[in-house]
Amino acid sequence: MTRPVPEFPTSLGTSDPTTITLLGQDLARDLMGKVSFGELAYWLLTLQRPTPRQSRLFEAVLLGLADHGFTPTAIAARLTYLSAPDAIQGALAAGLLGGGSRFLGVTEDTGRFLAGVLAEAGEHPSDEAGWDALAERAIAARKAAGLLVPGLGHPVHKEGDPRTPVIIRIAHEEDLYGPHLALFEAVGRVHPRILGRTLPLNGAGVSGAALADLGLPLELLRGTVLLARCAGLLGHIAEEVRRPMANDVYLTVDRNATYVDPE
Amino acid sequence: MTRPVPEFPTSLGTSDPTTITLLGQDLARDLMGKVSFGELAYWLLTLQRPTPRQSRLFEAVLLGLADHGFTPTAIAARLTYLSAPDAIQGALAAGLLGGGSRFLGVTEDTGRFLAGVLAEAGEHPSDEAGWDALAERAIAARKAAGLLVPGLGHPVHKEGDPRTPVIIRIAHEEDLYGPHLALFEAVGRVHPRILGRTLPLNGAGVSGAALADLGLPLELLRGTVLLARCAGLLGHIAEEVRRPMANDVYLTVDRNATYVDPE
Amino acid sequence: MTRPVPEFPTSLGTSDPTTITLLGQDLARDLMGKVSFGELAYWLLTLQRPTPRQSRLFEAVLLGLADHGFTPTAIAARLTYLSAPDAIQGALAAGLLGGGSRFLGVTEDTGRFLAGVLAEAGEHPSDEAGWDALAERAIAARKAAGLLVPGLGHPVHKEGDPRTPVIIRIAHEEDLYGPHLALFEAVGRVHPRILGRTLPLNGAGVSGAALADLGLPLELLRGTVLLARCAGLLGHIAEEVRRPMANDVYLTVDRNATYVDPE
Amino acid sequence: MTRPVPEFPTSLGTSDPTTITLLGQDLARDLMGKVSFGELAYWLLTLQRPTPRQSRLFEAVLLGLADHGFTPTAIAARLTYLSAPDAIQGALAAGLLGGGSRFLGVTEDTGRFLAGVLAEAGEHPSDEAGWDALAERAIAARKAAGLLVPGLGHPVHKEGDPRTPVIIRIAHEEDLYGPHLALFEAVGRVHPRILGRTLPLNGAGVSGAALADLGLPLELLRGTVLLARCAGLLGHIAEEVRRPMANDVYLTVDRNATYVDPE
């Protein structure tokens, strides 16, 4: 005895003998060669085809997040490739698995923080003083709750993350500068008064603000960072294929290991 | 006592307090807003900035491979998201881990097969008859060795994969039609004589031929497919967020499970 | 120019040409054939060799958590094996990646909840009435905060999880029944008064209490569940090798897929 | 319209409101507290309950393979934990993903090599001279084909892997010394004549021979190594929780990174 199986609805890919449909479009006729990969990714994440302006801002964000050299995740991907070169998918997956709270979470944390403040505030301020007042209240509340303000500070770019003004400029150029970016800039202006020190608005944070202004679902901001990072990790795996360094990492650790008695 | 540590060379990302460099370019000034995400991915994989023509073919390939609906990997990603919605990186990684020999390997297998035949042949044929003769010899050798010819056949598109002619057309339009595609088309023409039945040239296979003609390293063809699939899998996770179906998959299996005595 | 590299301390494995040392023991001479795999796992997690009593309780917990049939994670592992049978590590990893908050997190959540209540209470109650009062306050506080009480309830074992009394009995038999189990049993007695309905103490929850009484670090309770699940997932992969079912899952979903227009 | 769903057979876990069944046993009544975790793993992999003798050899193999200090996979797991401490399943999965051909594949490669030689030989030799002759032919065939003999050689234990004699001794003690171990020992005796140099029989190789003599399916030898490694990786994650070193690995690489122009 078997029970009836439910239907499984989807708006993504389907196919029949002569056609492949993706997002309701004829993949071969209407998408391939006509839509960029970045556009498709935006479309898959939002179910809406981006305008050229939206694509430009979205892809600028992806570029800013794609690679940062020898991050822990890039090293983990290379070490995994060293161990299992026959399964490149494992090396890529290992790198993506570092996409958690600590290094890759800032974009989503910032987007959620800004969206939460805006949702609670209701109407958007009409001038800079209004934005500053809203930002001050939000930062003070985080401080009172013992929470950090996401998107502030950078270990290397202490005087300013070079990506931040570029994202803001492109958002203006493309007429996509919205309330999340406005609030984020206000955070940048007012936080020294409340926190007692001046921190840069970092690139991961401004990316969260821009993606939120673009309308990406907040639950998928970290997923968007992962897509960007996927390209960077493949760059690292490609470099590991051409000029390996993971074995040197391994030997450096192994040769400098010291045994410590467990009490 | 510690030993000196080696240097770790890279051509990817580096940074100092005011600048982020990626691939020797100033990320904020020269790449963001000026280079598409697909271009950057090509650049990371090959260390060469693609021309607009190369980008168009490369991105067309990525689009063709991004999603195929409810594949085993898409279902695995959704089930993982169901179990661990707090770790979206795990759902994406789980989906990518299905990128092995059986479903996602055809692109690389085809690229390697074609490149191997070309390398052994030395000079390229000068006319269609020459390509056909080369393809015939290669197919006969595979058959004699009991091996399948990669890139032939499709479970759904039995009369022809709609992506194949589009990739070939775009390669011609962009003046990027090279020996791998020429040999692959010859395989399509001559295989019925040797194999005794007519199979379509599939989209995964033509993608391998096109990527090889673009000059992508053969070791990274599967990696390129994984990048494309990354966008598709994020589309599935986004859809699972909006309209979940993984729990129905789970219940369908669980409710129709039957215990079988282990002998 | 290179900088000096730090030392990397470890209490786990080291080796020289004639000896392998693990946890300060001679692996070949003192561990292999003399220590069970479960004992070693406990030792690795806590840096303390378990007594036979501790081993028995620890391994009973592992057995209770090893497998639950066609869970989402088991299905994900099988689908990944279907797609990439050449990389069995990927199938196992995909299954483990479902070990997140929703299905596998209860053990750690329960352990942390109980440990938090005990830490706040300071001295342990001296009789059942004292434990009940402590449990009542803790449950009331969770309820007031809008939080669930972890370890309560089960979708199938509505009248009682058969694993729960066994873990409690073994803890008594081995003289390892401690404050976490005492508090957990009190939760079982008093929660109906506060929550207005009677729920079973589930096996994942009692496992968290028992592991906490054994002294396992709270940060590693989920890790312990993952070890147990690792054996279960390998059982599923072994079964998939012997008698595949993942392709039927895939076809069931794919054939009942229905396209829904995105808006 | 929906189609009927197939049944999904399993011999692993099932449950009803009052009972959990695993491998046809009542989990709570017959397994928990009575069966060790190693026994259960063997049972899950083979569908046969191991005898105490089989358990002892099986668990000795698991112990020998559990950890080797700062391997690339252990470092990858720790780096992933550093990046995403909230998702411990990702750190474990990242470590397991290095379980590929290069470092963890020897056990399965050796088991398959030995089983292949035995299958081809048909009847087993009756004395040492016969085993040696069989091993000589097999090694000569590998050499002629340009293939390495799996299970020979070790980067550290050049004069002999301390695990090898222990596994062989335990197999004798437990009356489980079978043809795979006999052939492997013969390989150890005769290879210098054919290969022109003397290499140790390594621990991974003898483990493959012992697991094959135990009757584990060859397709699951790598899976068995992964189970062993799972415990070791959790040991590394536990150590990373107690005394972190992954950030030092990251900084050591990052600070000694040098940019190299692409070309």
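First chain written, first letter: the chains are A, B, C and D, and each begins at residue 1.
We adopt the following convention: a residue touches a chain if its C-beta (ideal position, glycine included) is under 8 Å from a C-beta of that chain, and two chains touch if they have at least 3 such contacts.
Everything numeric in this text was worked out from a predicted model, so none of it was measured.
Asks: Which of the two pairs, A-B or A-D, is linked by more C-beta contacts?
Replies: Higher C-beta contact count between the two pairs: A-B.
Asks: Chain A-chain C contact: same residues or different, taking over half shared as same?
Replies: same
Asks: Which chain has its C-alpha centroid farthest away from the centroid of chain D?
Replies: The chain farthest from chain D, judged by C-alpha centres, is A.
Asks: Would you mind pulling out the distance in Å between where the CA atoms of chain A average out and where those of chain D do?
Replies: Here chain A and chain D have centroids separated by 38 Å.
Asks: In whole angstrom, what separates the CA-based centres of chain A and chain C?
Replies: Result: the chain centres lie 31 Å from each other.
Asks: From the C-alpha centre of chain A to that of chain B, how far is it in Å?
Replies: 23
Asks: In chain C, what residues contact two or more other chains?
Replies: Counting only residues that touch two or more other chains, chain C contributes 2-3, 5-11, 14, 47, 69-70, 84, 86-87, 89-90, 93-94, 97-100, 104, 243, 249, 252-253, 256-257, 260.
Asks: Where on chain D does chain C make contact in their complex?
Replies: Of all residues in chain D, those touching chain C are 2-3, 5-6, 8-20, 22, 26-29, 31-33, 35-38, 40-41, 44-47, 56, 59-60, 62-64, 66-70, 87-90, 92-94, 96-100, 104, 156-160, 162-163, 165-167, 170, 173, 217, 219-220, 222-224, 226-228, 230-232, 234-239, 241-243, 245, 248-249, 252, 255-256.
Asks: Which stretch or stretches of chain A touch chain D in the complex?
Replies: 2-7, 69-73, 75-76, 79-80, 82-87, 90-91, 93-94, 97-104, 243, 246-247, 249-250, 252-254, 257, 260
Asks: Write out the stretch or stretches of chain C touching chain A in their complex.
Replies: 5-11, 14, 21, 23-24, 47-48, 84, 86-87, 89-90, 93, 97, 252-253, 256-263
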